[in-house]
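Next up, some structures in C-alpha cells.
What follows is a pair of complexes built around chain A, which joins chain B in one and chain C in the other.
On to the complex of A and B.
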C-alpha cells in the first residue's frame, strides 16, 4: 500500500494540529507493508510525527508486524531525516526532540525490536526514481 | 465568496494609515501646539504643512473604507485582485510618505517605555548593564533601516580621514594625536512611526541579534561553511541556484529565531507587521533577505516546539491567516516557494541546523548558548493561556495590566512580564482593534474627519494602556509578595455594605469590596502593606507635570495668555526619582487605576509619614466622586524647608471610602466628566468648564463689538 503524502496533506507539513485534523483523509491501513512517499514535501517533526504515530497505531490495532518504507527525494544527512520523522513521536517516547542522533537511532531500533517491525528510509531521485540510498532500522 | 485575505490586507493598510495620522498628531502636539518646544519655537507655517500630510492619510483611510465596503458587497475575483493591487499601492504611498516626507518634519520624543525596552535588551539579552544600547529613530521603513549605527560610517570614514589628515601635520609640538573614539554600543534602529507602537518592538530583538552574532557565539565557521559541511555538495548546489547571499539569508533567519527564542510569540507578530508594511520590490528573490513567508513559517515552526501557547486555537488561526497573506504577496514575485527545491532545502536546513546547534541541542556549545539566555527564555516559557487572555481582557477595557490577578478574587495580583503584555497587545490588535476598524469603516461614512480622529483615539487609548502596563510592571516586581493572610474576620458581604450607608469604611469592608471586584484597584500586589484600618494606601505614579513661570506671556497681560500655561511633563524610568523643591508644586498621579462603584465615594489624603516631610498630596481637591474611573491626580506641594526626593511606587497617599445613596448621575456617566478613564494625571481642563466658556465667550463678544 502506497500513500503519497503530498496528494493528501499538501506539500507543507509544518503544522501538527492541522495534520491531526486531517488524519481521516488517510486511506484505511490494512496492509502489513506500507510505503509513505514524502517527496516534494517540506517536513517538520511536529507534523510528520503525527503521521508516523498514526501509522504505528494502525499497525498495532491490526496486530500486524509493521514494515514501513518512507520515501523522500532529498538526500539529507540521516540525523535530519530521523529528526523530521521520529522526534517527539509517541512511538519513540516523550522528549525525543532534544536527544542526540545516536540516541534516537538506538531508541528507534529498540522500539522496532519490541514489535518485530522494520523501517526503511529510502532516498529516491525525484526524476529517475532511482534509489540513492536506504537507511534500515529494526530487524 | 469570502475574500478574507484581501480584507485583512486592506485592514493592514488602514492600520498603517492610522499610525501615520497618529504620528502627525504627535508631531503637532509636541512641536506646534501646546508643548514646551512649541511655545519656544512657534513656526506659523508648519501646521499647514502638517495638514497636507493629514489630508493624504485621510484619503488613504477613506479609500480603505470604500475597499472594505466593496469587499462586503459580493465582489468578483477580478475586483478582489484589483483591491489587492490598490492596497499594495497604498502601502507604497505610506512608505514614501515615511521615507521622504517625514524627513522634513521634526521627530517626536521617544517614549520612556521604549528606552526601558532597549535597556531590557542590554541587561537581559546582552547581560551587560554597562553596555550602551543606541536607539536610532529612522525615516527608513525597509529592513535597510536596521543597518547598524548611521553615524558609524561617518566615524569610520569621514572623521577618520579628517583626523588622519590633521595628525599628518605637526600643528603643535608635543600635542597628542586625535583618534576616532571607539563606541562600545549596540545599535538598534526603529522606523519613527513605530516608536509609540509597542506591538512592533519585539522586532528590535532581531536587530540586537545582529550585534550579538559574533564569532564567539557563532563559532569560527560561517553559516555557509557549516551548511555545506552538513549537507554535502550535491544538495548545496541547489542552494547556489538561488543566486542569493546565503550567509546573509542564514543570518537573517538566525536573528529571527533568536528574537522568537528570547521574546516569544509576540516576535512573530512584530515581524509580520514589519513585512506587511513594505510591499516587496519587483520580481525575484531578495539578495540579502529570504522571502517573508518563508521566514514567518520558520518562526512559527520554531515557536511551535517551544511555546505551546501558539497552538491555542485563537492564536493559531490568526498566525495561519497572516502567513497565508504574506505568502500570497510573495507568490506574486517569486512563485510558489515550496516548488523551488533550493528554498525547500534552505528552510529544512535552517530549521534543523539552527535548532540543534543553538537553541535546543545538547552539545556543549549549544548548552553554553542556552545558559546565556536562560533567564529570558524562562519568562517566555511561563506565558500561560489563561493569564494571557486575562491581560487581553484588561487591555481591551482600557485598563493597564502591569499585574494580573492570580486568584479568583481581586485582592492579589502578580506582575506581568514584558513578553506577556506584548503578546496580549498583539492579540488585542488582531482580535479587537482591526475588527473594530472594519466595523466602524463599513458602517460609517468617512465624509468628515471626526471618524478618523475617533479611530486615532481608539489607537491612542490602546497604545497608552499597553505602554503604561510595560512601564509600571517593572516596579511591581519589587513590591510583589506571596498572598498573605490578612487575618480579617467577620467580613461583611457587598450587599450589606451597599445598603448600610457608612461614613467611613473599615478594613473588613474595603477588603470585601476588593475581593468581589466591586471596587477595582489595580495593580494590587501587596494588599497587606496597603490596607490600613480604615484606608487603602496609594502609590505614587511614574509621570509628573512641572509648571514653569511663563516669562514670555505674563499672566494678566491679556486674557488669552491663560493659554500659555507653561508646563513640562516628566516620565520616570525604573529607579529614577524626582525632587520636589521647597515651595514647589507639581502634578502627579496614583500608580493605581481605580474603579469605584456608583454608590461609593473616595476621599484622598496624604500619609502621615510624608506629611511630616512637608508633602501635601492634594490642593483641596481630595474628593473622588462615586463611579469615578481612572488614576487619581495628586497635586503635590512641598510645604517644608527641604527638598523631597520622590520615587514612583512609594505609598505617599491614602484613600478613605464612604458609601452613599447611588447618585442620579455617577461621575463616569456624565458627558462632561473630564478626567474619566485617565491613565495618568492631566493638566487642568478648566477651559472645558461651562462657566469658563461662558465668561470667555462674553469677553470675546465685547472685544469684537469694540472693534
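On to the complex of A and C.
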C-alpha cells in the first residue's frame, strides 16, 4: 500500500496540529507493508513525527508486523533523516531529540525488534525517481 | 533638483530639526544581490535626527539586494523617530516603489519622507539587470505584531511555493528543498528573534537553458551570535565573556543544540538549513554582526573545530545586521 503524502495533505507539511486533525484522511492501513512517499513535500519535523506515530499505532491496532518504507527525494544524511523522522515520537520515546545518532539508531532497532518490524528510508532522485540509497533498520 | 514632495503626495513641511547637518547615508551604485551586503553605507557614524538617504547613484537593483539594503538601513535607524530626505533619480524611484522599498520603510518607521529628484542615472545598464527575468516585490513579515508567528511563516511559504510553481515550470529543480531552507530560516526569525523580517527574491537568466535564483532574508533581531550568547545552556554561562562568533556557530551548527528549550525547537534549525542547502546545491551565506559565513561549507551532523569555523567565516569590515543570502543555478528539463 502506497500513500503519497502530497496528495493527502498537500505539499506543505508545516503544521503538526493540522496534520494531526487530518489524520483520518489517510487510508485505512490493512497491509503489513506500507510505503509513505514524502516526495515534493516541504517537511517539518512536527508533522512527520505525527505521521510516523499514526502509522505505528495503526500497525499495532491491526496486530501486524510493521514494514514501513519511507520515500524522500532530497538526499539528506542518515543521521539527519533519523532525527527528523523519529525524534520525540511516541514510537521512539520522548527526549530523543538530543541523544546521539548512534543511540537513536540503536533505540530504533530495539523498538523494531520488539515488534519484528522493519523500516527502510529510501532516497530517490527527484526527477528520475531512481533509488539513490536505502537505509535499513529492524530485521 | 526637479521637485520636492512627500511620498504620499502632500506638500513637504520641514520637521523640527535640532541639528543643522543631516546624517548622510549614501548607497553604492550596485545594490544587486549580496553586493548590497558588503558595500559601506554610512558615511558618518554620528546620528542626527534627520537623514539624507541618497539613492541617486544606484544603477543596479535586485529584490534580494534591496532586501539587504533595507535590513541594514532599518537596523541602523533603530526605533527612533527620524526625518528623512530621499534623494534619487526618477528611474530609481520607480524601481524602488515597484519593489515596495518605500512602503516598507514607511511602515517600519514612523517616518516623514521627502523626495528630492536628482541625477540622471538610468537603471538597466548593467548586464545582470538586463538579464533579470523576475524580481519579487519585497515581502515584509511583521512578526513583532503577531502572536501566532508560525501562521505568518506558513502563509509566507505557501505564497512563495505558488511563485516557484509558476516561475519554475519546465525546470529540473526540487523546489521543496528551497522551501525547506526558507521555512527553517523564517521559523528561526519567528521563534528566536520575533523581529520583523524582509525577504527578496530574483530570477536571472544565465544561458538559454539555465537560470539563477537568488534570495535574501534578513531580520531586525540581534542575530544568531548575540541571541545564542544570551541564551547559552547553563554549562556554558561562565564562558560568555569569551564567547566569540566562531564559538557560537560551532555550537549552533550542531544538531540537537537549541537556544530555545521548547518541544517545537529540537536544535534542528541550522542543521536543516545547511543540509537542505547541500541537497539542492544552494550556495548560502549568513551575515551576522560583522562577519559572513559560507554555510554550505559546513555540515549539520559533524562537529567542527574552532579553527575550521573561523576559517570559513570572513570579516566584512563593518556591522551588517543579520541576514541570509542564497543563490542556486538550475537547468531546464531536457525533454
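Quick notes on this structure:
FYI, the second predicted complex is superposed on the first by the 139 of 139 C-alpha atoms of A that agree within 3 Å, B and C clash if a C-alpha of one lies under 4 Å from a C-alpha of the other, contacts with A are read in each partner's own complex, and residues count from 1 in each chain.
The rule is short, and it goes like this: a residue touches a chain if its C-beta (ideal position, glycine included) is under 8 Å from a C-beta of that chain, and two chains touch if they have at least 3 such contacts.
Every value quoted in this text rests on a predicted model; they were computed, and no experiment measured them.
On the superposed chain A, the two partners chain B and chain C do not both fit; they clash. Of the two partner chains placed by superposition, A:52 touches none, neither chain B nor chain C. Look at A:124: by the touch rule set out above, it reaches neither chain B nor chain C. By the touch criterion stated above, A:89 is placed in contact with neither chain B nor chain C.
In the superposition on chain A, A:76 contacts both chain B and chain C.
Within the superposed three-chain model, A:97 lies in touch with chain B and with chain C [touch as defined at top]. After superposition on chain A, the chain B segment that clashes with chain C is 200-208; the remaining candidates among 2-10, 200-208 or 668-676 show no clashing C-alpha atoms. With the contact threshold set out at the top, residues 11-12, 14-15, 40, 42-44, 46, 74-77, 79-80, 83-84, 97-99 of chain A are in contact with chain B in one structure and with chain C in the other.
Residue ranges of chain C in contact with chain A, taken from their complex: 150, 153-154, 157-158, 161, 172, 174, 176-177, 179-180, 183, 255-256, 263-264, 266-268, 271-272, 275-276, 279-280, 299-301, 333.
In the complex of the two chains, the chain A residues touching chain B come out as 11-12, 14-18, 40, 42-44, 46, 74-77, 79-80, 83-84, 97-100. Contact residues of chain A toward chain C in the complex are 11-12, 14-15, 40-46, 73-77, 79-80, 83-84, 87-88, 97-99, 101, 126-127.
Chain B meets chain A in the complex at residues 230-232, 234-235, 297, 300-301, 304-305, 311, 316, 320, 338-339, 341, 344-345, 347-348, 351-352, 356, 360-362.
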